[in-house]
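Down below are the structures I want you to see.
You will see two complexes here that share chain A, one where it goes with chain B and one where it goes with chain C.
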Partner chain A sequence: MRGVSIVLAAGLLALGVGSPAATDGYVAIGGGTFRSVLPAGPGIEQVEIARYRLATTPVTNAQFLAFVRQHPQWRRDRVARLFADESYLKAWAGPVSPGPAAPADAPVVQVSWFAASAYCESIDARLPTWYEWEYAAAADETRADARSDPAFRARMLSWYARTADTPAEVGQGPANAYGVHDLHALVWEWVSDFNALMVSTDSRDQGEDPDLLKFCGAGAITMQDKENYAVLMRIAMLSSLQGAYTTANLGFRCARDGEEP
Partner chain B sequence: MRSIRRLLRGIATICVAVTFSVAAQDLPDDSVYQLQMSLQTQADTASTLDRWRGHPVLVSMFYASCGYVCPLLIRSTQQLDRGLEASVRRNLRVILVSFDPDNDTPEVLAALSSKHGIDDARWMLARADAGDVRKLAAVLGIQYRKLPDGGFNHATIISLLGPDGRVLATTSNPSHPEPEFVAALKKIAVTRENVSTP
Partner chain C sequence: MSNDRAHRILPTLLVAMLLVSCDGARESSGQPPQAAPPSTPASEVTGTTRGDFGPPQGEPVRAVLTSPPNVPPPTGRDHPAKVIVELEVIEQEMEISEGVKYTFWTFGGTVPGSFIRVRQGDTVEFHLKNNPSSKMPHNIDLHGVTGPGGGAASSFTAPGHESQFTFKALNQGLFIYHCATAPVGMHIANGMYGLILVEPPEGMKPVDKEYYVVQGDFYTVGKYREKGLQPFDMQKAIDENPTYVLFNGSEGALVGDHAIKANVGESVRLYVGNGGPNLVSSFHVIGEIFDRVRYEGGTYYQENVQTTLIPAGGAAITEFHVDVPGSYVLVDHSIFRAFNKGALAILKVDGPEDKTIYSGKEVDSVYLGDKAADLAAVTVAAEAAASGEMTLDQQIKAGAALYNGTCSVCHQDNGAGLPDVFPPLAGSDFLMADPKRAIGIVLNGLTGPVTVNGASFNSVMPPMSQLNDDEVANILTFVMNSWGNKGPAVSADDVARVRVNTQRTEGAAH
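Right, the complex of A and B next:
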């Protein structure tokens, strides 16, 4: 089976199927400290964020199609169940044809964390960390950090209150102060450390009873900025996932370290 | 009549044998061994997650500088191991992968192994690249987070893998594992021994 996959991949490369990286735009962000909703530790309000580059838009169906063509082990009819559940790319018309329900320029959804990680690795990128995502998402169109503005919070919440339908094309929403689109109003997005968010940051919690760590409460208690419901909801949602899970409104974008290469 | 039945049983046995050998080449697609990751062991040798494919394997994660939970994990797993009958135990393998690849060098892992009197022939303490560590944790459903003091807070989950790497049972309570977990452990080990000797 693996031999067949390699032959197919080689064949597709010979046909000149383009790299999905070609159309990805990145902007440089950050460097410095940031007050996250999730503190780094007890009494440590500021987290350090090294300078990074973030894709300006989520990955589209067209980009993900190019990826599964180059890496057929990620086709929905070939993917190992360990890495993606039954609804992986289910809205697509076929394993290598997104079809009308998944327009080329709409964000790809129903992708697992493993698949999203593999996509980013295939273009020498990675998923952003939670802190990187949150940092970029704190900006509105003009301010790097608009989170204390009630109007900004209300706008975020109004999107989360909407019912899900087929997502629109990426890049149609306004760019934020960094030039990044669609962080709030299009799809939820995977982060590299989705399985770290609700773990308590207080090392004292590891002493008494290892069972405590199974519960979300320990992490939730330490959250700062409890008024920021939209961001808290996102953390709760991401924490409830397993790496193989896929949902109809969960996509991703990639990130890279540092400045332009 | 009896001879026909015996013949049919013989054919059935052959079919089962053929099925097994095919399955051995092609992993079940929910097998943990689908995750191909390189490991560096306490003996400073390169290894892989599926090193002990064919055996029942207990897999979990830890880190060496951990004060309380990880020694408890190691000790409880050793107790679990020692509680098994010798014939069952001979087949069982244990893989513990570190959350902390920066600090848990082969030397550190070797020291930890000798401190706990670990059976290096059947136990692997290992480090892996940071990205692979996060993937293994996702496969095993283990949430973890690095702390500012360099430690890690983490869930403790031990997974029992069958010979093909499928998760047969898990426990979050290594010192008092659920009866179902212990039963699954004894059952798989016995089944394995009845099938063949490695």
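Right, the complex of A and C next:
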């Protein structure tokens, strides 16, 4: 494992993908149980989170540029339409030149799930799962789980209440208790299993539900957990997507299994 | 891995969370909940309550969408058609009140969203586009749709994408549409609602003016009219404690230059919706009576209605005639919402007066209430004045009675006034120096600094021009011959001369 990481770090440097000298840009998180806004099942409030490492910042335009140079099949003029829609990297000035609308250190947006997955794979990483993302995002600057703090929730909601704009540079927001930046208030982020959410919304058919009242009641009960509103909106966003979709506020970060390198 | 199990559960939860829409339980019979009122002849009950008139005929037509307060023209069709509706979701900052910005989420860039007008039996091909600049996914639940979620499931659309679904408009009526993406309440509170009119097969009865008004309640972190960009306040929304209650999404939407207009003699139809998310509206037009209200936006109507209830997620069609010019104020008659939270709109009616229907102000006099101890002396003086035999004593007595009703509240029963606030009349050098000036002050009021008996006063006395010449003369005669004052009698002619020479605003009483 150590050997792989060293090779990988060398590879990153060779690509000019800068990361903080002290680490490889990932921090170790988790290893325990967690109360997700999406319970694992009826009456099952806790989910198991295996130990994982999460990138401290979203992937930047500069990093993604290095990736498309290395893997030209992901250039916007060469990508298969099946894997990325017409808006893929549309804000970039050219196929291999982000230009002024996509600053080097701003998070890359308008990337599809397929492209994000390929990027992470190319650096021997993967997209985080929803539970991994949610677990890390529950923390504020000092607490591992700040979700019950109204001020923390209000901060999340306040980003939703602003109109979309060009995202600022990554790493400008405060690091949370794990040392992770920008989980809130910068961009939406892909997760590996978003399509678990998507498939459900695509296959929904209320008409097939024999007990509409119970159905709606269950929804209402879930929604009453008002402290989770901010996270629910992120799930709503993810569930509206398909793998080839790209949007102007949607980026990603990578994750890896296991302990410190 | 635990995720696998979670994914089996997610579908149920997410469908529930994302599509909170329970109007799938529609009754298929279409029977109205109550019989038509006796005053409604069966022949006047427009159309059928529910109807499928077969497949669409002719070329597809593109629906004309209008921004509030405008209403699209009648469809003018006698057959079912395929109607294409294209609606774009736009998230943008707009003014909710003067100097107060809010990030609205809109159907078509306005609150309420674009008005959609189709005919019963039409097949509607609905395109929902979510602008690429949007941050949020959105969808639409049209209450005029028969089908699960009212279209919500089929229209869930990520930013920069478009969804399409098709429905047949089986039921005529006026229906709310709204976004049903989680959290539904926040999407609605941000302005995501509008109206779709499904005309009866024979169309709506022609009227002179049609307008589009939707009430909504809004929840901001800052208090009412606090300036700047105000974020949405989730807790206030959950508490159902709105900062604003508005018609058409802004305090300025339907007032001043933006007031809706009609001319005397015209018939007016208001398509009124209530987007909510929380409040039920007691919709009322001050100074009008609705000839007809198609309550709840349905088939039947009530006549001669003062105020009609419009539920959140509901609508009503109100019709009336305007007979008298002036400004008519649309309000939610839960009246603090109107005067303290913004639920005001203006219908401006131009045209000639009709004094047989409404006179305007005919009498503007002081109501003396319990201060009117005894006005017999006033009557005596008035009769004496008419016969030309009024004595100073009669005038003083009449003046005393009038003074007690009109002047003593400020200048006090003993004429001493109140130190620093109301100047004294007793022994007043200012008063006695110029009786003609005193007449002018009674008629026109006095604002600004004066010095009375060496003391400075700087306050406001309103004009008392509602008093007639006799009354002013009697009051001043009383004042200038009481509490140590010794002056001349003031005659009604003196007052009349001063009154003629001063301009005053109409009805400028206190």
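Some notes on this structure:
The rule we apply is simple: the second predicted complex is superposed on the first by the 206 of 261 C-alpha atoms of A that agree within 3 Å, B and C clash if a C-alpha of one lies under 4 Å from a C-alpha of the other, contacts with A are read in each partner's own complex, and residues count from 1 in each chain.
Rule of thumb we're sticking to: a residue touches a chain if its C-beta (ideal position, glycine included) is under 8 Å from a C-beta of that chain, and two chains touch if they have at least 3 such contacts.
Computed from a predicted model, the values in this text were never measured in an experiment.
Of the two partner chains, chain B is the only one that A:117 touches; chain C does not reach it. Within the superposed three-chain model, A:193 lies in touch with chain B and with chain C [touch as defined at top].
The partner of chain A that touches more of its residues, comparing chain B with chain C, is C.
In the superposition on chain A, A:80 contacts chain B only, with no contact to chain C. Using the contact criterion defined above for the overlaid structures, shared-chain residue A:236 touches chain C, although it does not reach chain B. With the contact threshold set out at the top, residues 40-41, 193, 196-197, 199-201, 203, 205-207, 213, 239, 242 of chain A are in contact with chain B in one structure and with chain C in the other.
Chain A makes touch with chain B in their complex at residues 1, 40-41, 44, 79-83, 113-114, 117, 121, 126, 192-193, 195-203, 205-207, 210-211, 213-214, 239, 242-243.
Residue ranges on chain A touching chain C, taken from their complex, read 36, 38-42, 47-48, 50, 85, 87, 129-131, 150, 153-154, 157-158, 160-164, 188, 193, 196-197, 199-201, 203-207, 212-213, 215-216, 218-220, 222-223, 226, 229, 232-233, 235-237, 239-242, 245-250. Of all the residues in chain B, the ones that touch chain A in their complex are 26-27, 29-32, 34-35, 66-69, 72-73, 131, 134-135, 137-139, 141-149, 151, 153-156, 172-174. The touching residues of chain C, when paired with chain A in their complex, are 1-3, 5-22, 24-25, 91-93, 103, 132-137, 147-149, 153, 156-161, 181-184, 186, 231-232, 234-235, 238.
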